[in-house]
Every structure is written in C-alpha cells, then in structure tokens.
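Next come two complexes, and both contain chain A; in the first it sits with chain B, in the second with chain C.
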Partner chain A sequence: MSVLRISDLTIDYRLGEGSVRAVDHVSLEIEAGEAVGIVGESGCGKTTLGLSVPLLLPTNASISDGQIVLNGESLIGRSEEEMNHLRWKSVAFVFQGAMNALNPVHRIDKQILEAIQTHEPETSKDDAQARVLELIELVGISPSRAKSYPHEFSGGMRQRAMIAMSLACRPSLLIADEPTTALDVISQAQILALLGELRRQENLSLVMISHDLSAIKKVCDRIVVMYAGVIVESGPTDTVLRRKNGVVTAAHPYTKALMGAHPDLSGERILAPGLVGNPPDLSKPITGCRFAARCPEAMEVCRTQTPPTVTITPGHSAACHLAVRSAS
Partner chain B sequence: MNARYFVRKLSTLVVTLFLTVSFNFLLFHVLPGSPVQLLARSGHYDAAAKASLTKLFGLNHGLLTQYFIYLKNMVQGDLGFSYTYRKPVTTVLGAAVGNTVLLVGTATAITVFIGIWLGVKAASRANSLTDTAITVTSLTLWSMPDFFTGMILIFAAGVWTHVLPISGIETPGLTVGWLGHLLDIAKHLILPALTLMLVNAAEFSLITRNAMVDVMVDDYMVTARAKGVAKKVIVWHHALRNALLPIVTATALYVGMVLGGAIQVETVFSWPGMGLLIYNSVEQRDYPVLEGCFLLFAIAVIATNFISDILYQVLDARVRNN
Partner chain C sequence: MSEKNVIPKNETVLSVSDLVVRFEGGGRQSKKKIVRAVDGVSFEIVRGEILALVGESGCGKSTIAMAVMRLLKPTSGQIISGGVNLATIHGRALQRARQRIQMIFQDPFGSLDPRQTVMEAVSEPLLIHKVGDSAGERKEMVFEALRMAQLNPPERLSENFPHELSGGQRQRVAIASAMILSPELVVADEPVSMLDVSARAGILRLMMDLRDRLGVSYLFITHDLATAWVVADRIAVVYLGRIVETGPSEVLVKNPAHPYTQALLNASQDGDATISAAAMVLKGEAPSAAAVPTGCRFHPRCPKYVELGKPESCRSEDPRLRVIKKGEITRRDHSAACHFTDEVK
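Up next is the complex of A and B:
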C-alpha cells in the first residue's frame, strides 16, 4: 500500500490582486519504505508540495484542487485539531535545522520531549525522557549534550537534532526539506549517510526535497523533477541521473540541464554551461510546454501544446514532446 | 548565571549612578537664580541677612567644595533641607514615595499583564478584526497625553456619575476602621491608576503585538506547527518566550516613562506622591526637594535597567553565553 498518494494537487498563492499557481495538478505516490527525491530550482513548487502534506501551507496559500491521501486517509478539509493528531505521528518533517528550525530559547531535549508528550500523553515523563536520550544517541550526538541550546550546537549537530526530533513519534512518512543546505560538505555527507541509514533501519518512507542532485542520488530510490509547478520527469534515480561517457538517459531537457549544471567529478573537466533565462511567470496561464522558452531543443509544437506525460521505460516517465516523438 | 556578566552590569550601574548624581548636582547649580535671591525677592533683606543665608545654605564655598559636601551628605543619607516645608528633604520624600509606589506599582503590574495579553491576542490573529480593533484602540489611547485621559476620567466619574472620588488619596475626616480606611484609599486609587494603565497598556499591547508578529513567521514556528502542537501552546510557549526580550526592554524603558506620567497624573488627581511634590516644588523653586526627587527617579530607572539586563540572562541562553 502506498503511504502517500497525491493526485491532481493544485495550490495557489494569493498575492495582492492576483494569484500564483505554485503547484499545478501534480500527482505523486510514495510506497512504504521508498525514498523519493524531489528536485528543482527555487520557486518550482517543491517546498510548497512538501508543506501541503500536513496542511502547513502559509495562510495566503489555498489548495484549489486535488487529493492528499496519507495512510489511506484523505487529508484535505480536515480541521486543525484533527491534523494536529496526524502531524509528526504520521508525517514528520526535517527542516533546515542548521538554520532556524529549532526554537532558540528551549533546550534540545525539551523540544524533542514536547513532540512525544504532545502525541503520547499516556507515556510517563521518565519513559519519554529515556526515549529522547535514545534518539539523540541514535543520530550520533552524545546524550551528555542533550540539555544544550540550539546555538551551542554546530550546524551539523543541529541538523542531527532535527532528525532525532523527526523520529520521536515513529512517523510513517518523513519529509526532509533541504536537509543539507547551509552545511559544509563534510556535514552534508554525514547527514545524508545518516538519513540513508536511518530510513533502512526504521523502514521509513522518505521524501527528500533538494536542489542538490548528488544528495538525492545518494539517498533516494526514485527522483521526481519539478519545473514551474509541474512534474516534468520521474523515474528510478539510477536511470534518470545516469551519466556515462557524456551520454545521459534523462529524457527531459530540463533534467539534462540540471545535470549539466552539476559537473561530474570523475568525468572530463568542463565548465558547467548553466541554464539561461528564468522560469515562467506563474501568475499568468501558460500555453504549451513551460520549459519551451529556455529549452535548447524546443520545437514548434512545444510552444502551442502542453506535452503529455509518457512512459519511457517502466517506472520512468517524462512530460516532453521529444519523449513523445521517440516513443512513437 | 554568569558571574562576570553580573559584575560587569553591576559596575555599569555604579558608574551610571555616580554620573547621574553628579549631573543632578550640576543641573541645579547652572540654573539661573540662587535660593538666596529667591528669598530676598521681597526686598526686605539687607546685605548682612543675605550673607548669613548664603552661609546657611553653604553657598559661600566653591563649586567643587559644595560638590564634595553634597556627596558626603548624600552618603550619610542627608539630602538637604526643604525651603518650603522647613523639613529635611528625606522626610518630605518619605511621605510621598510610598504613595507613588502604590500608584505606579499597581498600575504597572496590571498594565504589563493586560498589555501583553492584548498584544498576544492581536498577534495570534494578525490582520483579523480583533487585531485591528486592538491596534487601533491602543494607538488612540497611546497618543493621548496622560493628563488628558485623566481629565476625561475625572469628567466621567466626577461630573457625570459621581461614583468615584477624583482627588486626593483619602476622604478627609473619615472615621472608619482600618479596613474602611484601606477601601477608601483603594477607591481613590482607581482613577489615577486607570489613567496610567490606559495609556501604558496600549503601549505594551503594541510592542507585544509587533514582537509577536515578527516571531510568528520564524522558521521554528513552522516546526512547532508541524509537530502538531496546539495553537495555544505555540502562541504562549513558543512565540511569547521569544518575543519576551523586546518586551523586557520595553518594561525597563517604561519605568522612566511611567514616572514622567505620574507627575501629570498625580497633579491632575492631587495624588500626594512624588509627581505632585515635583510639580509643587517647581512652582516653589524648592531645589533641594527637586534634587531629591530627580535622584530617586534616576535610581528607579537605573535599577530597573539593571534588573532587565539580569532578566535577559534568565530568558535567553544566547545572552548568557556571550
């Protein structure tokens, strides 16, 4: 059974007079125990998509269409109180703990304890505290540091504390939003290793939101590429991100451009070409493919018709007219 | 508690106090006109009388000598002699201090709680009707001078309805037991305290609201919501704890403001505290009493700032470690 099923989800932000469609009819399914990475540049809707699952969108955002089904239960339309029971217990978050995601005036152990006590009032304080120490040890922090304040931790340790907190109520789904951003490379590697290890050990379903392809490659089974509010490509990480002797199996030119912006350490030394231009204005309706204006391979049809999503190989699909052409 | 921080703040306090005392001394010596001139205005004093008055007040010494005598006397608890009351300044102040503490203390305690509560309510429903109502009312009340609000209350209570006494601290010649006496004072306290509260609670609610609104959009607030913590707990436990720092700063500054306000309010309501004493002493050019009052006010403000510095330590671990 799938842990999370998002279908046709559409999210609009009210901005002044108009509105911006941040997520446009997105469908996504996460199987139990699966790790899925969502990648895309800033403003593509990946964080909005993540926050929508526990219905934590900002007040100016509204879900105009679609369904979110978590563990078989439909979430949209539920009251705050009902959602508060599901939050953290069914779906927990790893925010950018290195930044400001931990409350600066409360001790780390107290913040983790709060999660347990909120959801399990029947657990005694001693038991809950014992679990806090276990969690802190699990993520590789010495329990003697449990009573520290966030500012007494390094960025990497704060991120570990955030992960420990996310596991406090044994969630069935973990959403990690940019878990390694603002960390140095060594801490990044350690946090990614920890996430990969924990998800196997605890049999977690994981959604990792990132703009870092190599981070997703390290942890995730499947990758979903978003551009301007839609999913443009999805498939097994190994297939989508394969790069051998300059030959890529990614189907969408946007995915290829993302990979191009990220030079291969073992390959030839080239200057990353980058991607010219900006994403389209999402406050206006878009005809044709959203990427057409920046696409080096754009054809006539791309500017007039929205590309359908086609299956390239089982489990690997892309929304691109080029893929349509090569499939037929 | 970090001992070094405490010592540093304490030495700051001592230096500030010394500077204030010195400034206080200088201020009254650069003011034009001497008390002797003032007493001799009638023209009936001859030169010999003036000279003996000058000697009596110690004004025949040089400024520096006078300063050291002033410091020495102050350390010994002697703040001089009042020209108008013909009593030591300490005695005159002693009678007034308690009344001001009663008025300002009552008003402050209630102000802080009501102000914070209103500010939290407004911020937790930012941009709602409740928020607008609280903000607009607060702004209106805050922009009114204390004496004006006081006069409106006097008009409402004294002219229209006659429900509350509008002047003094007790009813003269009232013979009731100690409980009746206490109730009588409480009744007299209501209007002046209410005046101070209306103005200052408005200020507090605005400061609290703005501090809260800033905090409510911080990343850790999303974390708290994602944890499924109830909104009430988020607002009071997560947000207010972080918003308290600017509120504590405001409280420290507030003490200075409220003492200034007390001068107006006590004058309007004839409340026999330090505010009324200052007003009367200015009219009478009773410099020793004024010096004493200024000194006490300065001590109150400096002490409150010291307390707020220490409170910072308790509230925020980041201050504690730096």
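Up next is the complex of A and C:
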C-alpha cells in the first residue's frame, strides 16, 4: 500500500494583485519503506510540494486542486486540530536549516522529551525518557552527550538531534527538506548514511528534497525532477542518474543539465556549460514546454505545445517532446 | 618555444610561510583555551595560477583567507605579496597593498549592500582607492567591469538593486567589483556554494576565463573536492590548521596519498556505490582546534591508523609534509604529511 498519494496537486501563492502557481498538477506516489528524492532549482516548487503534505503551507498559499492521501486518509480540508494529531505521528518534517531551529536554552534530551510529551500525552514520563535515549542512540549521538546544549554540538550533530526529534512519535513518513545543505562533505555523508540506515531499520518512508543530486543518489530509490512547478522526469535513481563513460540515460535535457552541473570525479576533468537564463515567470501563463527557453535541444514544437509525459521504460517517465519522438 | 610556457609567468604573487593564527578563548585566565586555527601553513601562488584550499568546516581554510586579506592579524609567519610582508604592515601601506588583493565572498546576498545600486557597489573600490579622474571615467570603468562579468547590458543592470538580481547575477556583481581594480590575486571563499546548481558552472567559468584573459591568480577556498579538481591548478588539503597534502589537482585526485584526502574523495564521489561510500565515511567529528591531538592530528579518525595496528609514531610524532613525487618544478611537487604515505600508495 502506498503511504502517500498525491494526485493533480495544484498550489497557488497570492502575491499582491496576482498569483503564482508554484505547483501545477503534480502527481506522486510513495510506497511503504520507499525513499524518493525531489530535485530542482530554487523556486521549482519542491519545498512547497513538501510542505503541502503536513499542510504547513504559508498563509498566502492555497491548494486549488488535487488530493493528498496519507495512509489511506485524505488530508485536504482537515482542521488544524486534526492535522496536529497526524503531524509527528504519521508524517514528520525536517525543515531546511532545521539544525538552527533547536532551542538554544534547553538541553537536547529535554527538547526531544517535550516533543514526545506534547504529541503523546498518554505516554508515561519514564517511557518517554527511555525513548529519548533510544532515539539519541539511533541517530548516532553518544548517550553521554544527551544533556548537551545545542551550541555544544557541531552542525552535523545538531542535524542528527533534529532527525531524532522528528522520529519522536514514530512517523511512517519523514519529509526532509535539504537535510545536508549547510553541512560540509564529511558530515553530509554521515547524515546521508544515517537516513539510509533509518529507512531500513525503522521501515520509514522518506521524501528527501534537495538540489544535490549526489545526495539523492546515495539515499533514494526513486528521483523526481521538478522544473517550474511541474514534474519533468521521474524514475529509479539508478536509471535516471546513471552516468557511465559520459553516456547518460536521463531523458529530459533539464535533468542532464543538472547532472552536468557538478563535476564527476570519476569522469572527465571539465567544467560543464551549465544553464543560461532563469526559470520562467510563474505568474504568467506559459505556452509550450516550460524549459524550452533554456533548453539546448529545443525544437519548434517545444515552444508551442506542452509536452505530454511519456513512459520510457517501466517506472521511468519524462515530459519532453524529444522523449515522445524517440518513443514513437 | 618550450613547453614550459604552458605554466604562466613564474612570477610569485603570494608567498605564505609558516603562517600561524591563534585565537584566545574566553574564560578565566587560568582556563583560557588557545585555539590553533592555523598552525604553520606555507604555500605559494604564481601569476595566473589557481590554488584551491580544500577541507571540512572548521579546518582553518577561511581563517587562512582572512589572514591573507589581513582581515585579521596573524600570530606569526609571513605573507609576502608585491614585495611587502602583509603580516606586519598597517595603515596606508596596508591599504595600498589591498588594492592588489581582492576578495569574493560566499554569500552574494549578504556581501552586497541592499540599498546600493550595482553602479554604487562596483564603483566603491574606485572611490576608496582614488582611482579614476572623473565621475564619467569611473562610470565607464564600471560598465567595463560589468561587461567583463558578463552582466549585459551594463547600462541597464547598473541601475538595479541587489534584490532585483538573481543569485548568479549578484555573484557576478561581486566579481565585477573585485576585478575593477585589476588585482593580481583574488581570494574566493566558497564563491558558488550558496548558488543554485545551474548558476554555479557559469560563475566558475567566468572566474577561469578572467584568469586566462587577465592573468589574475586565485586562492580558491572550497569544501568541494570535485569543484577544486576542475577549477584549480593545484590543491592543498587542509586539516585542523595544517596542509596535510598538496599537489597538482589531477595528481592529487587520481593518486591521493593522505588517508584524509582519500576519505574526502570517498565522500565526494557520486559513483554507483551507495552504501560502501557511506561505510568509508570517517567516524566522529573533526576534533576541535582548541584540543589538537598529539602526534599526527588526524590519527583519532584515521582508518589507516587502525588498519596498521595503531602504530606508536602516529600518536607521538607530528608528521611533516614531505615530497612523494617530484613535480616538474618544486611548486608542483606532490607532498603529504603522513608517516605511512608510501604504504598508502
């Protein structure tokens, strides 16, 4: 059974007189125990999509269309009180820069304890305390450091503490927004290894939002590439991000451009051309493919017709006229 | 013409030797901790060369940059540029010297004044260093710098405020204002790590292009070994305030000698191995510069140390940088500070 099913989700932000369509008819399904990475540039809608699941969108955002179904229950239209019940227990969220969200004047263990007591008042204090220690160990912090204050921890340790806290009420789905962005390479690798382990040990489903393809490659089974509010490509991580001797299996030129943006230590020592220009203005209607203006392979049809999503191999699909052409 | 000309003019633009930067921690006199942020670092950069300093956060790489910029005063050591020792000069002499060394910061959102137009921001260095005879001449120089940073059309862009620009464009503005005084050396501290992936390549390409055209040198600070590899001529890997390995980029990445460099490479590799990469990840945190381990400062985290049965020398003797493979010239030697380099391959 799928843990999360998003269908045709559309989210608009009101801005002054107009509005911006940040997420435009996006559908996505996540199975139990699966890890899915959502990747894209800033402003592509990946964070908005993530925030929509626990219904934590900013007040000027509105869901104009679509469905969000979590563990078989539809979420849209639920009251704040009902959602409060579901957050933490069904779906937990690790925010971008979350390690700076720890309260500086309380010890780490106390903060995690508080999360358990707030969301599960029925749990006895002894049980809750035992769970705190369990969680702290689970994320690889030595129990002797449980009574530390956040400032005594490095960035990587704080991020571990935040992950421990997010797991306080044993959620079935964890959404992590850029969990490693502010960390250096070694801490990044450690946090990614941790997320991978947690997934297997706790049978956790994971949605990881990131602009870092190599981070997604290390943890996720499946990748979803977003551009200007729509999904342009999705498929098994191994297939979409494969890069052997300079040959890629990614179908969408945007995915290829993202892959080329970071030098590959096992490949050639060259700097890829990168992308010119900026994503389109989402407050205006767009004709044709959203990526056409920046696409190195754009054809005439790309500027006039919205590309349909085509299946390339089972589970791997892309919304691109080039893929349509090679499929037919 | 011999092939030696591939290496640009062998004129040294920066020579750092035995640089030490210590900070005194807070607390009562008896308990004061000394933080050895930079602990004896030496390197050289010649005209048109890009040297990358690579390491984890807290390793001291940014402190080295700050010392070179003289944004802080080193505890000891020499920083020679343009015939003067930047470590000891001050006042006018320092200001004159600063004209030749400029900096690009990590955060183009924070490094630009939100109330200044691009014109004001880029012309500011001209005013500070009294370059340009008239407002008209300075304006032309700004346009030229903006064109050089590929901010077109400069006439229109110079009227913009930072919030009207994308992250990549802001970093281009920062580059334009760093380049307007025609510096010999630019210190670039993580210049692309806050930018969107799609904008990064453009900025790096621009920096390399300016090196080719103007012969400017860079001290490029990054935590990303892969980026250092494609951008820099040489890489110096910094760990706890020391250079632990240095060499031409290609050599260092293909044949890393120090176990720390090997771990960094493992962490940066995005190959197909998902779990084995994670398994090689160093255990534990980088130890603090306030409590540098005895002997080799890397030994508490070193996989090689464990593998070799915890040899005594790693705990007691501080390894010095020594040459592993001679380069065509001394500056391009491949060196590492590890007692067991030869065995490490």
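Assume the second predicted complex is superposed on the first by the 324 of 328 C-alpha atoms of A that agree within 3 Å, B and C clash if a C-alpha of one lies under 4 Å from a C-alpha of the other, contacts with A are read in each partner's own complex, and residues count from 1 in each chain.
Definition applied: a contact is a pair of C-beta atoms (placed from the backbone, for glycine too) under 8 Å apart; a residue touches a chain by one contact, two chains touch by 3 or more.
Predicted, not measured: the structure shown is a model, and the values here were computed from it.
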**Study point:** Fit-or-clash call for chain B and chain C when the two complexes are aligned on chain A
**Key:** fit
Practice item. Please indicate which partner A:R158 is in contact with in the superposed arrangement: first for chain B, second for chain C, both, or neither. Key: neither
Review point. What is the contact status of A:R5 with respect to chain B (first) and chain C (second): first, second, both, or neither?
Key: neither
Practice item. Could you say whether A:K89 touches chain B, chain C, both of them, or neither, answering first, second, both or neither? Key: first
Point to revise | Per-residue contact with chain A, leading partner among chain C and chain B | key: C
Exercise for review: Return first, second, both or neither, reflecting whether A:H119 touches chain B, chain C, both chains, or no partner chain.
Suggested key: first
Practice item. Have a look at where A:M99 lands relative to chain B and chain C in the superposition and call it first, second, both or neither. Key: first
Review point. If you stack the two complexes on chain A, which partner ends up touching A:L258: first (chain B), second (chain C), both, or neither?
Key: second
Exercise for review: Would you sort A:Y149 into first (chain B), second (chain C), both or neither based on which partner it touches?
Suggested key: first
Review point. Is A:N278 contacted by the first partner chain B, the second partner chain C, both or neither?
Key: second
**Study point:** Overlay on shared chain A, then closest C-alpha pair between chain B and chain C (Å)
**Key:** 7
Check your understanding: Following superposition on chain A, which residues of chain A contact chain B and also contact chain C?
Key -> none
Exercise for review: Going by the contact rule at the top, pick out the chain A residues touching chain C in the complex.
Suggested key: 41-42, 154-157, 183-190, 192-193, 196, 211-214, 217-219, 238, 242, 257-258, 260-266, 269-276, 278
Check your understanding: In the complex formed with chain B, which residues of chain A make contact?
Key -> 51, 54, 56, 80, 83-89, 92-93, 95-96, 99-106, 114-115, 118-119, 149, 151-152, 165
Practice item. Mind listing the chain C positions that touch chain A in their complex? Key: 56-58, 166-167, 196-202, 204-205, 208, 223-227, 229-231, 249-250, 253, 263-272, 274-275, 277-279, 281-282, 285-286
**Study point:** Residue ranges of chain B in contact with chain A within the complex
**Key:** 218-220, 222-231, 238, 241-242, 315-318, 321
